[in-house]
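Two complexes follow with chain A in common, the first pairing it with chain B and the second with chain C.
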Partner chain A sequence: MTKLHPITKISIVFILSFVVLLFSNVFDLICLLILIIILGLLAKIPIFSRKFRKIIIGILISSLSIYIVWCFFTPVEGDIIFFETWVGNWHILISDQSIYIASRYYLRIINMFFLMIFFFAGISDRDLIHGLRSIKVPFTVTLIISMTFRGLSMFQQEYSIVREAMMTRGVEFERASIPKRIKNFISIFIVLIVLMFKKTEDMAASIESRGIPLRSKNRTTYHYFPIKKKDYAIIIGLFILLFFSIYLSLINKSFVFLFLELF
Partner chain B sequence: MNNSSSGMEEVRIGVTWRHLVVTALATGVSAILAIYAVILAPVAPFPGVSGLYLAAAVYVPLSLWLGMWGCFAGYFSCVILGFVSGFGPWSFVWAMADFIEGFVPLLAFRIFKADVDIGANLKRKKEMYILLAILVINLIVSAIATAIGGLEVLWLITLIVAVVLIIFMYIINPSRSWLLYVIFGIFGAAITSALWGIWGINVFIGEPSAEAYWIGVIGWFAGDLIVLSAIATPMMVSLTGKIKETSIFVDKWFS
Partner chain C sequence: MKTVVEFNDFSWKYKASKDLVLKSINLKISQGEFIGIMGPTGAGKSTLCCCINGLIPLRTRGWIKGNVEVLGKNTRTAKMTELGQRIGLVFQDPETQFIMITVEDEIALGLETLGLDRVEIKKRIEWALKLVGLEGFEQKSPDELSGGQKQRVAIASIMAMRPEILILDEPTSDLDPIGKYEIIEILEEIRKEFDLTIILVSHITEKIVQFCNRIILLDNGEIRFNGATSEFLKHKELLNKLGIYIPIHLSQNGISKNLKFSEQISTGKYVTTEQDPIIEISNLSFTYPNNTQALKDISLKIFNGDFISIIGKNGSGKTTLIKHFNGLLRPQQGEVFIRGDPVLQYSITQMAQIIGFCYQNPDHQLFKNTIREEIEFGLKNLKFPDDEIKNRYNEIIDLLDLRKFEEIYESTFYLSKGIRQRLALASVLVLKPEILIVDEPTTGQDYRMIQEFMKILQDLHEQKHTIIIITHDPRVIAQYSKTVIILDDGNLIQKLPTSEFLKNEELQKIAAYTLQ
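Moving on to the complex of A and B:
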């Protein structure tokens, strides 16, 4: 999995994210989630490590709150009604259908979240650049995308550095009142914005000094990644899955139930 | 190229690497802030919506400083947030909410040909900030009254109070830039992005009830109002003058 061509890895994320949107059956989404986790493990992403566990639990809990509120705020009639009451104009109706819809939505978020873990942890900056260059994306666009992702990690570090620097000077972040927190954030924002402009000047000067024109067409690359047969096979397989998912959503059928009917 | 009266030629520099690099880096900063905001203060049942959307504080100043590049930074950072929040490819549509957030004030300033330096010649700063805080609270009450329904009188009162406050601000500080910023940079940006953003989520997740829809709109609108008035305004006042002196500043649309 780690030896796959970058474009194959990017295709896995993007095509599966379309499939997530097309699947409307809870069981289909569970199967897809299992597939994504297996792919993540094959790509040697430490999904169940302490670092990732903390983030995953955080997302599961925050999404669960969305799930619960969805059930309470969206009255959907169903075959089985578990709870029904009126609070003023507010109609609370929890039925099997509202739980089913909330579950479907919850699973979509979790699927997408694991795909994003796959994307950010499984695809490096270099992978992204080589992947985009191999499908003839213009060099300027590739460079901007690469800088954006580098900017993400760079400013995350800068944010932590500025925050820690302020904390060492006695600025309270954790136990401060809301107006005080906003004031602290303004201080961090201003530093980040100034840093951003400074880094922009440096990076732009660096690019210009290398003589890279804005509209460069035929730039040569040092690294060459050929697309192998297994890459083609995976990409074709992904497209078959995508078209089959479109077909299933058009005829309103479930992938899992169709599979069970066949066997 | 224009020939000035002194015989010197004023050369207009087009799009340079600086604009593209700043777009990329601004996207990075905004995305980090957006992700932190959504994780720290989510508005259930809508994913990707925050009650304290810190990134909004960057979008409006960036669009006024960097023109369309600032709007693009807002858009792409929201696309990243959308992917992290579980929207997948739908993020490309939903992210228009944050593009609009920067574009509305930019459009207003360009149409009225106003100076983006709202802090230049700002009179009685303290009084202006107090009036702005009252206006924001008033607008949040107005939004709640609109959403709940049956509170038309309260809604009308808040509307009158808002108009009076804006007129009062103009009397204290007769600056067209400040007025445009308050109307389009704070209120206009917050309401348009809230309506588009929640519509986008609505289409993505099916048809939630009207109550849920308005909770989302109020959450988004109130969060943006607070952040735009409390964080973006001081940033605009303190930094615009300095940024105008740099080569990155965009005084038209793209350069």
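Moving on to the complex of A and C:
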């Protein structure tokens, strides 16, 4: 298996996130989940590694609370009633429809969750920048994105240092009251804003001192990421899926059922 | 020889400054020279560098008189892109010079601008990384690098562009002594190979004297000395007046290896009792989330009243170790005891009164707008009564001689770095901690500022405070500390008296400590 192009990975996440919202049939959502997992494995994302296994199991279990909401707190009439009772004013009704709706929401959450893993584990900040450069996004835009990532990383480091420095002067973050905590965080952010202003100024000076112009006809690109046939195939497939999903949602039909009808 | 830089009666004042920062500078630099620029903090050294690179006046607002010609171009009319590509400038803070996401991308950034093809860029990246000793670091992100490694990347990214003039403004401040030596030695080799002109700003007299053929001494915006290195040390009176360090092992003609740092060891009064340890560490290990094992099974005792330097190469675990002393990091394995009790038993407020911690950059620990608010901040957090706050404030502001600044400056923002560092120390000392930990107190400071700051620490030590410093500065180790703790790759190599360390060349090598 080879790695997918950064643009393909970004397209997978954004297009499929939209498709998840369009699909309302449980079987469609199951098929989509399988597709996401296959694409994840194709993009060499360690979805089932030890690092993610615990989180996946946690999400699979905690998301089951959706069933409790739809079966015990949102009475929905259905063709088959499995259980019905009243406790005072509380109407508990478990029907085939409530289970179906709960399953739809459950699968949407799980699909979204796998796409999130895809995004965070599969698309690095570097992927994003190189992907954008490979489709000729202007250098200024990619430089700003890169500086933003650097800025965020610096901000995180500085935040942790300033927070520690405050702790060494007797500031309690964990045990303090909420108003006190807010006040402490405001103090940190004032220091951080001053520090980040200085750093941004220095970064700008560093870029200028190296003679890096924002617009240059001579600029070359070191990294070369050709979009391969497989990437084209996946991106075209994703767009077909997207348009087809929009069409099906407009005529209120299921992807799987339509497929079964056709064959 | 061809003149590459020429200042003609050049003066400069920043838009926001009251006085001229450079005054009637007349200076010529020829191709292939290795120039050292020295001078006290605020002398105008960095401004002079920016004038050569073109950042002044092309990208900075201010008042200007006279001209600077660099590589035949007048910096008033030249294009910044052209000057930037031909004149490399490495700044002191490597953090802000790292723009891209990986080392490889960072070096490639300037080379892409030069319009080089992919093969040439790859060659130059490999060459530059080999040059600074970071082969195999191509895919590392800045978060994975130490301060010293980032400084090497900053130098590599400029060197890869093969500039005609290379300006380095305190480029090795975060490096350990051997790292500093290696980098300057590399610069000298490149200078010879490419007939490069190098301008190096540094406070380290030994390095400047050893490598530069000419020294320019600046003071208050004026050139006070401009001549051959051999002449420089003859001006002892001037150097003393400007607070320039003259190592005793340097003779007027250069380096004399007969005299060593061990002869400079302080004979100051030390108050120490090797009875009950104030800090005790047993079998301490610590691994960061990225699997870097920073400390490996360290056991150590620190006694009341000691003056300790923790030394070792960049990334040897020094900061990780001291963060365990006051509970900022929790031991993953092993235990840390303060005055016989586990460190985790103390609350943050209790710990603040036992261990004071001074950060390398004072900007990280100044949170308030005025000197008074800053000093009172910790006392108010610990809910001291108003009378006590007032008394302690008056005591500390006089001890650290800060009262005059309180009257002059309304905001701490306008204080110089040296005074901000002193204020940071005052705000920690006002809590009267028994132990004071100072992380890199000398980085980027001139000799006079270092002496002033270290004198305060020495006085505190004589008042029975336990002082622990992390430092790369051999002068500070030799002159002030009583005990040396050597770390290497997370291991405790040895804890021994400074006098013994200064005689042990093998240990000095491990600690990346060099005398010249």
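We adopt the following convention: the second predicted complex is superposed on the first by the 158 of 263 C-alpha atoms of A that agree within 3 Å, B and C clash if a C-alpha of one lies under 4 Å from a C-alpha of the other, contacts with A are read in each partner's own complex, and residues count from 1 in each chain.
The rule we apply is simple: a contact is a pair of C-beta atoms (placed from the backbone, for glycine too) under 8 Å apart; a residue touches a chain by one contact, two chains touch by 3 or more.
Every value quoted in this text rests on a predicted model; they were computed, and no experiment measured them.
Novice: Can A:Met196 be said to touch chain B (first), chain C (second), both, or neither?
Specialist: So A:Met196 only meets chain B here.
Novice: So, A:Ser65: does it touch chain B (first), chain C (second), both, or neither?
Specialist: The answer is first: A:Ser65 touches chain B but not chain C.
Novice: Of the two partner chains, chain B (first) and chain C (second), which one does A:Leu152 touch, if any: first, second, both, or neither?
Specialist: After superposing on A, A:Leu152 lies in contact with chain B but is clear of chain C.
Novice: For A:Phe185, decide between first (touching chain B), second (touching chain C), both and neither.
Specialist: In the superposition, A:Phe185 touches chain B alone.
Novice: First (chain B), second (chain C), both or neither: which does A:Phe18 touch?
Specialist: After superposition on chain A, A:Phe18 lies in contact with chain B alone.
Novice: Could you look at A:Glu208 and tell me whether it touches chain B, chain C, both or neither (first, second, both, neither)?
Specialist: both
Novice: So chain A touches chain B in one structure and chain C in the other; where do those two contact lists coincide?
Specialist: Dual-contact residues (chain A): 143, 147, 149-150, 154, 190, 194, 199, 203, 207-208, 212.
Novice: Spell out the residues on chain C that touch chain A in their complex, using ranges where they run on.
Specialist: Per the touch definition, chain C meets chain A at residues 50, 53, 55, 59, 80-86, 88-89, 91, 93, 95-102, 104-105, 108-118, 121-122, 141-143, 157-158, 161, 323, 326, 328, 347-349, 351-353, 355-357, 359, 363-367, 377-378, 381-382, 413, 427-428, 431.
Novice: Tell me, which parts of chain B touch chain A in their complex?
Specialist: Where chain B meets chain A, its residues are 15-18, 20-29, 31-32, 39, 42, 44-47, 54, 57-58, 61, 76, 80, 83-90, 205-206, 208-209, 211-212, 215, 230-231, 234-235, 238-239, 243, 246-248.
Novice: Please name which positions on chain A make contact with chain B in the complex.
Specialist: Chain A reaches chain B through residues 14, 17-18, 20-21, 58, 62-63, 65-70, 73-75, 89-91, 101, 105, 108-113, 115-116, 119, 140, 143-145, 147-152, 154-156, 159, 182, 185-186, 189-190, 192-194, 196-197, 199-201, 203-204, 207-208, 212, 214.
Novice: For chain A, which residues are in contact with chain C within the complex?
Specialist: Those residues of chain A that touch chain C are 124-126, 129, 143, 146-147, 149-150, 153-154, 157-158, 161-162, 164-172, 175, 187-188, 190-191, 194-195, 198-199, 202-203, 205-213, 216, 218-224.
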